[in-house]
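Each of the two complexes below includes subunit A, the first together with subunit B, the second together with subunit C.
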Partner chain A sequence: MTNTEKLIATFSDALTLDASKVTDALTYQSIPEWDSISHMVLISRLEEAFDVSIDTDDVIDMSSVAKAKEILKKYNVSF
Partner chain B sequence: MLLANKTALITGASKGIGRAVALAFAKEGAQVILLARSMDLLEKLKSEIDASAVSKAIIFQADVRKYDELKKVFDELNQNKIYIDVLVNNAGIMKDAVIQMVQQQLIHDIYETNVFGTISASQLAVKSMLKKRGGSIINLTSIVGVHGNLGQSVYASSKSAVIGFTKSLSKELASLNIRVNAVAPGFIDTEMTQSMDQRFHEKNIQSIGMKRIGTPDDVARTILFLASDLSAYVTGQVIGVDGGMII
Partner chain C sequence: MSEIISLAAANQHLQYIDPGTGNSSGISEMLAPSACLNAAEKKLAFLYLDNSVSSIAAFWNFFNSNHACALLSSSMKQEFKDSLETLYQPHFIYDIKRESVDGYTMEKINSSLEIFISRISSGYSVHDELKILLSTSGTTGSPKFVKLSEKNLVSNTKSILEYLPVQSSDVTPLNLPIHYSYGLSVFITNSVKGGKIICTTKDILQREFWSDFEKYQCTSLAGVPYVYETLFRTGFTKKKFISLKYMTQAGGKLNEKLVDVFSQFAEDHNVRFFIMYGQTEATARMSFLAPEYLQQKKMSIGKAIAGGRFEVDPVLHELLYFGENVFGGYAESWKDLNSYRQELPLHTGDMATVDAAGFYFITGRIKRIVKLFGNRINLDEIEKVLNEQFHDSSFICTGLEDQVLLVGVKNFQDDEKIISHFLHSKFSIHPSVIRIKQVEHIPLTDNQKVNYTKFMEQHGD
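Let's turn to the complex of A and B:
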């Protein structure tokens, strides 16, 4: 599984969302499934999937799937 | 055992209620992680626990007023894949002064420990609890946080803030299977109350329905209930442990 596939699977699982809806353009709070509460679950699942610990500033900054990739790159996850 | 296979972190664990909680949790099978400013007292407590409990205690010197110190503790735990099921926000200080005698430093001291410390530790603990798919946070407030008391406007308001925090956080985290409750002790026999003027001491005893001072173990047993699955459907509550005290 590539990191992109892992990212999509993690978003899909954490947000209880069909994987086809997880695109770079998907943004935080644009759909009911990605609200502030599920955002906490998402961060936790991303940390597990990529074995990283995401700082609070990055938790706040993670406003889209594209942004999530950008942030994870800072933690040495390549896409 | 009520806390078998559970990991619990207790702040202000070296004495008083925190110490009683640490001993009660360890006796019930929890792996306990103990934080306090005094390493000497923590090491003594660790020896006591390690001699009899199922799991060895883990101790950290940390001041809850300093976020960096708390974060360092959680980072170290996370690196070792130690995630917590229970957080007891026990660290707290009490200083009395009528409003005209309240110095700015007193406000900072009380709020930084009782409020900022509780919020910071909870924020870090939630991240850990999400890895466990659930947890229980127990915040120590006070009977005066509910009813107020003369000479304690700063302390009481800090404990009222803890109640507001508890109730709000319980709403945020309920769907994530993380429960948040508060315990409000009345007049408890700890170092904090032993330093009190004897006249106030007597007056306080007379205001207690059960006519006796509470013990740290009285409070620890209620915290044990909230930490365990016995309270699996309890969240957002403030439970008084005051022997029927009237303020």
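Let's turn to the complex of A and C:
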């Protein structure tokens, strides 16, 4: 599985959302499925999937799928 | 005129601020002449709210009328809205998410308030005392409402104002939904005695919330345990908030580690931290722990609020509460709206002990509920619905430490994920907190009742 596939699968699972809806443009709170509850699930699932420890500030900054990629790059995950 | 409205209208410092535009308005400007909504017959209104200024204006206009209002989340799924409206047949609906509602006509009450009015008059009566209906379980679509009177609200507001340091120079962010009892109590107490209220639709996981917090120099923050977990995870306690004066916590037991973390934060930053206890059936609040006892009486729910009183049942150890803020019964459809009967004491469903100094401690739970992310989930209801949906299988449900919904299932051949997906779509429970265990048989007690204790011992690890 490529990192992009892994990212989409993690989003889809944490947000209980069809993988086809996980696009770069998707943002926090733009759909009912991405709320504060699923966001915290998402953060811990991303940490598990990519074996990283996400910084406190990044938890809030991860406000879109595109942002998630950008932030994960800081942790040496390449897309 | 409503006593709450009189108090809020007399509060000259009260300003509702829309952080998006920076505009502010007082309560009097929001109110259309009450004749616009008043009718000879008392009716039910469904208000689907967020925390925006327009939702607040809708709330006050209905509160100012002679009708009863059910406060609901505007982000509730449409199918839940439909089923609630079928059960309750509200005469009025306020919902900015919809352009039209079948069987209703849209009417403009004033420049900023549009509502739907039923074309046919509902044929049921609404009890004189009934003022507010609150859901017991947030956005899960459960039809069970708590019936509250204005007297309940007035009484609880006054008790809360006796101990919380609410004052006219305050700036209060509405970070909890106002359709939720705790959020409503923050909103009403501050409308009565506070100052600026920041009507935000942003949450604590959004940068805008924190930039507004800074910009308006907010003085308090309220949260259920889940909010405190999130604050901790996002580094709140490592920052400084110069304007922050006090914080409150309610809506379930905060774990000991976070009690320590936030007590320390409070001490370091000269913030008062109030741990409180209550439930929707008591309007909101029943007790609080004064901040000076945070360490000495750690994990205590403190003492009853002014005007309230606790007792512990000597046999079951159930915590019982007496006070004017106790509700007037549940409603499950419009048929229950013609009654309002307060029964004392309130059976909290929690077990408690009291120490020699009069501080109460919750020791367990009798009521079959689990609180997930601050939302109350009725375990018997979940069990019943699962047994109906998958009738070839048998189910047993319990909660683990308000963290997990544990579902035991016998004779289920399909993928277990079907069960979590079903619970998610039906009750909006996030699958990450659902744990499913296949069982050989449902454990029973000697008198053939489901043995939840045994089930927890076997599978609750």
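In this text, the second predicted complex is superposed on the first by the 79 of 79 C-alpha atoms of A that agree within 3 Å, B and C clash if a C-alpha of one lies under 4 Å from a C-alpha of the other, contacts with A are read in each partner's own complex, and residues count from 1 in each chain.
Throughout what follows, contacts are C-beta pairs under 8 Å (C-beta built on N, C-alpha and C of every residue); 3 or more make two chains touch, one makes a residue touch a chain.
All of these numbers come straight from a predicted model, not from anything done at the bench.
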item: First (subunit B), second (subunit C), both or neither touched by A:Asn76; value: neither
item: Touching partner for A:Ser53 - first (subunit B), second (subunit C), both, neither; value: first
item: If touched residues of subunit A are counted for subunit B and for subunit C, the larger one; value: C
item: First, second, both or neither for A:Ser20, with subunit B first and subunit C second; value: neither
item: Partner chain in contact with A:Ser63 - subunit B first, subunit C second, else both or neither; value: second
item: Contacts of A:Gln29 with subunit B and subunit C, given as first, second, both or neither; value: second
item: Touched partner set for A:Met40, first subunit B, second subunit C, both or neither; value: both
item: Residues of subunit A contacting subunit B in one complex and subunit C in the other; value: 37, 40-41, 43, 56
item: Subunit A to subunit B touching residues, read off their complex; value: 37, 40-41, 43-44, 47-48, 53, 56
item: Of subunit C, residues touching subunit A in the complex; value: 75, 77, 203-207, 210, 226, 229-230, 233-235, 238, 373, 421, 424, 430-432
item: Residue numbers on subunit B that touch subunit A, as the complex places them; value: 75, 78, 123, 126-127, 130-131, 172, 175-176
item: Interface residues, subunit A side, partner subunit C - complex; value: 14, 16, 28-29, 32, 35-41, 43, 55-57, 59-61, 63
